[in-house]
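Below are two complexes that have chain A in common, paired first with chain B and then with chain C.
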Partner chain A sequence: MRSGRRRISLGRAGTQTHVLATADITRKPTQEPTLRRSVTPWGSFSWGYSDVGADIFVGLGLVLGAAAGASNVAFLFAGIVYVCIGLAYTELAAAYPVAGGGQYFVFRGLGDIFGFIAGWAVLLDFTIDIVLFAWSCIDYLSKLVPILSFVDHPWVHFIVVFAVIAGLALLNIIGVRESSAFNEFVSGLDVVSETLILFFGFLFAFQPQLLVHTMTFSWPTPFNLMNGVSLAIISFVGLESISQAAQETQRPASVIPRTSISLILTILIFALAYSNLALGMQPWHAIPPDAHGHAQPLWKYLGNENNNGAAVAVLASYVPYYGHLAAYYVPVLGAILLLISSNSGVFGSSRIAYAMSGTQLLPSIFQRVHKKYRTPAVSIVTFCGFAIIELIFAALPSLSPPVHYVYSRLFRGEDGITFLGDLYAFGAAASYSFVFIALIALRLNDSQSPRRFKMPFNIPFTYRGNRVEFPVVAVIGFFGIVSILVFTMITHEIGRVAGPLWIFFGLLGYLFYRRRKKLPVFRSQPHDWRKAQINILQEAGELEMMDEYLVNVKDMDARRVSATAETLR
Partner chain B sequence: MKRLVRSEGYARARLVTGALFVVLGIAVIVRTFAAAGLSGQAIPACVLGLAMILLGGFRFRDYAAARRARP
Partner chain C sequence: MTPAIHVAHALPNPIGILLACAVLVAITATLYWMLHPPTTTAERAARATEREVDEIIGSVIIVFSQEIHSEHMMSLAVRVARRERAQLLAAYIIEVPHTLPLDAEMERERRDALGVLQIAESIARKNNVEIETEIVLSRHVAKGVLEIAKRKDAHLIVVGAYREGKYTGAPIGAAIEVIAAKATCDVLIGVQGNKGKILTPPQVTGRADVKPATQAPTV
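Moving on to the complex of A and B:
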């Protein structure tokens, strides 16, 4: 890297090599470096898949442990909400193809303070993402290397997860990242692998009678079902990647909707398929008895403390014929995918903090880059530091008996991975709730921006002299995600305290920072969104959309002028 | 990887897996209805079956679009 120039990580660290943008460090904000648009439709799909696809590797065991015979119902409920969220992100990412995701949409639709809250909730999710996926990555590897087992060797597990997080932070500071080709290869291999598990499972072992029997006799209590639903949403987190990919995709307005719909359906199918298989599959070989020596069904075995961190690998090993092979490579494949996801958490958090700092939602220190490596080192260290604090909170009950006693008394003995799941669900539900409101606000207030993809089922009407369409699906999705947020608050002892505290202290810091900088605290700074939108569409190469936008703006201005003249007359 | 996903063989493979998804989706729906009848317990598996059929349909559509786009 030449001196006097900086390399900032404007892309997704975990997966893309094309993201390394070079820019003069003295450039003004208007001359900010832009991202190279080299992501193909397949690249866009695999980018999203490596983020969201890894979630089921973590979520399956947790949901089975909580929702028992209604795990497929929990996944269905969360899946419907996820489809609504996915459609919302697809519409917004195609209309505003900029990196920043939910935080940007909320910032643009609802203003500075809500943009901060949504971004801060996303940051919580990214820091949890780092720990949860690093934790689960080691859980998957423990299926081949037993010394890494969290239950049997908690200290070894803790130290290895700690080392993984520290290593990822270091790699991100140095600026080393794996190639996009590697990411595309792993995603492709995983799609093929999961499809094979699904085909073999449904063709040779799925027993609908067993599914009905399990659902009838192992139906959970309403509390456990709510708990299961709130954990199921973590299998669908990571849609930020759709919008992050948008900024680097060629012709995003046409590519993003196509790849997003395919991604949404693929993830939904895997989540529903695994949960139905776990409840209704006749295992190919015997399941070990439980701690009391009693026979146990497959779903119970997958959801216990030993296996809930690596449930997909264990399930795959019980699939007829294919299970022999799957038992060896699924843990490794899962671990690689989870490591990529954990790395995307490291990068994503630093990137969002960098962007928020640029719009004066966070202090400028988060924009500071490392002198030698030109990466946003302060952001990386800060959010990896948060991740390590969360790791300590999650691992403490297993490392220290007195702490275990405290957790049992205060938090109903929630274990480490459930603690992380709690916070992950809280952060996701909080940020997604704002995204739905932002989508509605942008439909009403920015009807001039062309939308190549719109969520289905809209009610057209006139708002402030403009023809707009009210998105019914966004309202359904909003109520769905809010109900999941409520379930999280009701059922998760730690999540209900730690999640709101994260938002509260973040908001306190925001208020202090804005007051100190003499910026509006509760109101927004003036933004020239028209100019911003023209720049966005121009940079995206969507010149037809830009022309359409300019025509729409001109029409709207002409209507306003004539309306004012009419009033004066 | 880019060369692979742009090839005719890849498009055909997606078409074949799309067809398999449609068949599997129909099989899941039929077998679930046979076992559970018109009950609430059949809903998650039937939604899974429908999603598989839909994904297969999308792959058919993509294949048709790719064929149309070829010179």
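Moving on to the complex of A and C:
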């Protein structure tokens, strides 16, 4: 904490973020922020894990409900795309260790308007993040406190989720957050816990014949499989967090590739293992019959409306031996992790809005800070307000029978959590698509920036006199994520309407704002990226990379001069 | 669809065992790999230096005399000795003029020496570090220091100098220069900067020539 300043608390990863927030919010034109590089490899991992790790708690039940016997295939497809996304983020975060994540990469690679669209899609995800994880947090707690059950007591559930969101907004405004150490502890505990659930589950209750049987006889329709794939991607959303922490990470160019790849692998292992275990697990005690009194397999039980919000806790309770213990603590651990993730939505949205406002992609009102608490109260209230609206849309069908009738007619009767999942998948797929294009653009236009980590499989060629490498994996990832975006548009009745509407109205607002401010509307403002890159690397403490960048830039300039001279001769 | 297989309390399936172990090993290996990133040149150099310091610091001598004012370095020497578990020796060198025999009684100087060494002992005791004290009579301060350093097989000599009044031309006295030039071990010299405060000598001292701020009667 810098002396002489009030503490500013925006988000989740503890003291490190406090410092960044302080620097960002109180920045004056002549003041350069100095960030404390205190995020260790484990801190960086847990920063991302508390965001992405919570996704499987939500995603597993939704995917099992949609993709049935092909849930593992849905996770595999989404997982492959996710690996490509992860590699892209790793490369970009190591090359540009600056807070901002995907929005910054797109802004830098593709210009202002695309930077806005990507940022606006990320903002949609963050607002959904707030509701979805607060919703699931209460779902997990309902396994211990039945009155919180959404199916049995929708009003109680709605009021509690509402109160959680309002409470998080208030805490973020007055600047109270969980500590970094707590975040790291919860992440560590969850990694151990999930590993043990899977270990004991596979060891005592996994039957490969049952997996084959389920995949054979419960294979979904193509429509449901597409639906499952589009929902599976929500289990992998949140890599942004590591990129956003890049500016505060010790030796980001070396540490971030490791933490990102570890996070990618850990989440992928969990997602694939959980889905296969759920399909092939033979519990030692009976599963309650379905609504018609018929016996049902575990995966179906996990994917029904009553359990899909807390599938990991339910699955854990059915694991032999370990399940007796897990039944008590997994709901609490899941709820804590989901609450942290929900809080990261409040924090992340205000931070992204603040950053976008600073680059004149959003009005300056989003940079305003609270007079007393010095937090970006306007951003927090605005995006928590959006989250509340989304909550109302998600909960209304259960609260009001007439609305339920309308939803049934128009949207195939999607339940609340699926509605949120729809939008989450749309926002993630949209922003990730732009990140892939930005990566390709930056490879072509900014080949001078040293990249300590590169996506594998590149094709070298000469572009505008510079040797560049074309990333094949980025193209594969782009088509993968676009296909998921298409799946989302095809299969999600609400997502296909609400998602594009969010982008459309945001874009309208952007155009209006830029015109009013007499700024280029479709073009970008001039940016001195060279100076920016030198500052970024200098602040990151990556002095060797900075030297390399300067040499590359000089070489490029010399080549251009000689080429011009050659032409004139 | 109801699964056809109902095997309650079945024996662990070999594939299940394999997958369970695979999950455990994969997660453990991933996290281990993540937590052990490659070290940078700077980190390797820092580690080597620290290791070297660990090896070389066996005994530390802190030197006092009429012209060497090391009181302000005492705390630092104590911390170094404690951290490295080194033997600490505080030596006060009394310079005996050639007009007197080497074993002459020099009561005033001896009293000053005892006062200074008492402070040194007190600091060491407060930091739970064992300290040995010694008063050395020598014709030259530098010669006395070098002799005791050789005798005690010192690995580090700590000496201090500070600026008296506004004099800033040459804060390191001639004796310290000779010690630094001729010592066979490392010499750590603490010099008070122009406006430095950390190395300012303590105000309360038993020395006759450094008057305490409170004007307490000098012994």
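In this text, the second predicted complex is superposed on the first by the 539 of 569 C-alpha atoms of A that agree within 3 Å, B and C clash if a C-alpha of one lies under 4 Å from a C-alpha of the other, contacts with A are read in each partner's own complex, and residues count from 1 in each chain.
Here is the rule we use: contacts are C-beta pairs under 8 Å (C-beta built on N, C-alpha and C of every residue); 3 or more make two chains touch, one makes a residue touch a chain.
Remember, predicted model here, so these are calculated numbers, not experimental data.
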| item | value |
| --- | --- |
| Clash-or-fit label for the pair chain B, chain C on chain A | clash |
| Partner chain(s) touched by A:181 [first = chain B, second = chain C, both, neither] | first |
| Partner chain in contact with A:202 - chain B first, chain C second, else both or neither | both |
| Chain B versus chain C as contact partner of A:371, first or second or both or neither | neither |
| Touching partner for A:518 - first (chain B), second (chain C), both, neither | neither |
| Partner chain in contact with A:215 - chain B first, chain C second, else both or neither | first |
| Touching partner for A:569 - first (chain B), second (chain C), both, neither | neither |
| First, second, both or neither for A:265, with chain B first and chain C second | both |
| First, second, both or neither for A:76, with chain B first and chain C second | first |
| Touched partner set for A:292, first chain B, second chain C, both or neither | neither |
| Against chain B, colliding segment of chain C, chosen among 20-28, 38-46 or 128-136 | 20-28 |
| Shared chain A contacts, counted only where both chain B and chain C touch the same residue | 41-42, 195, 198-199, 202-203, 206, 208-209, 258, 261-262, 265-266, 269, 273, 276 |
| In the complex, chain B residues that touch chain A | 1-2, 5, 17, 20-21, 24, 27-28, 31-32, 34-36, 39, 41-45, 47-48, 51-52, 54-55, 58, 62 |
| Contact footprint of chain A on chain C as seen in their complex | 1-10, 12-13, 15-17, 19-20, 23-24, 26-27, 30-31, 33-35, 37-38, 40 |
| Residues of chain A defined as touching chain C within the complex | 41-42, 45, 191, 195, 198-210, 213-214, 217-218, 251, 254-255, 258-259, 261-262, 265-266, 269, 273, 276, 282, 284, 294-297 |
| Partner chain B, residues of chain A touching it in the complex | 40-43, 72-73, 75-76, 79, 181, 184-185, 188, 195, 198-199, 202-203, 206, 208-209, 211-212, 215-216, 258, 261-262, 265-266, 268-269, 272-273, 275-276, 280 |
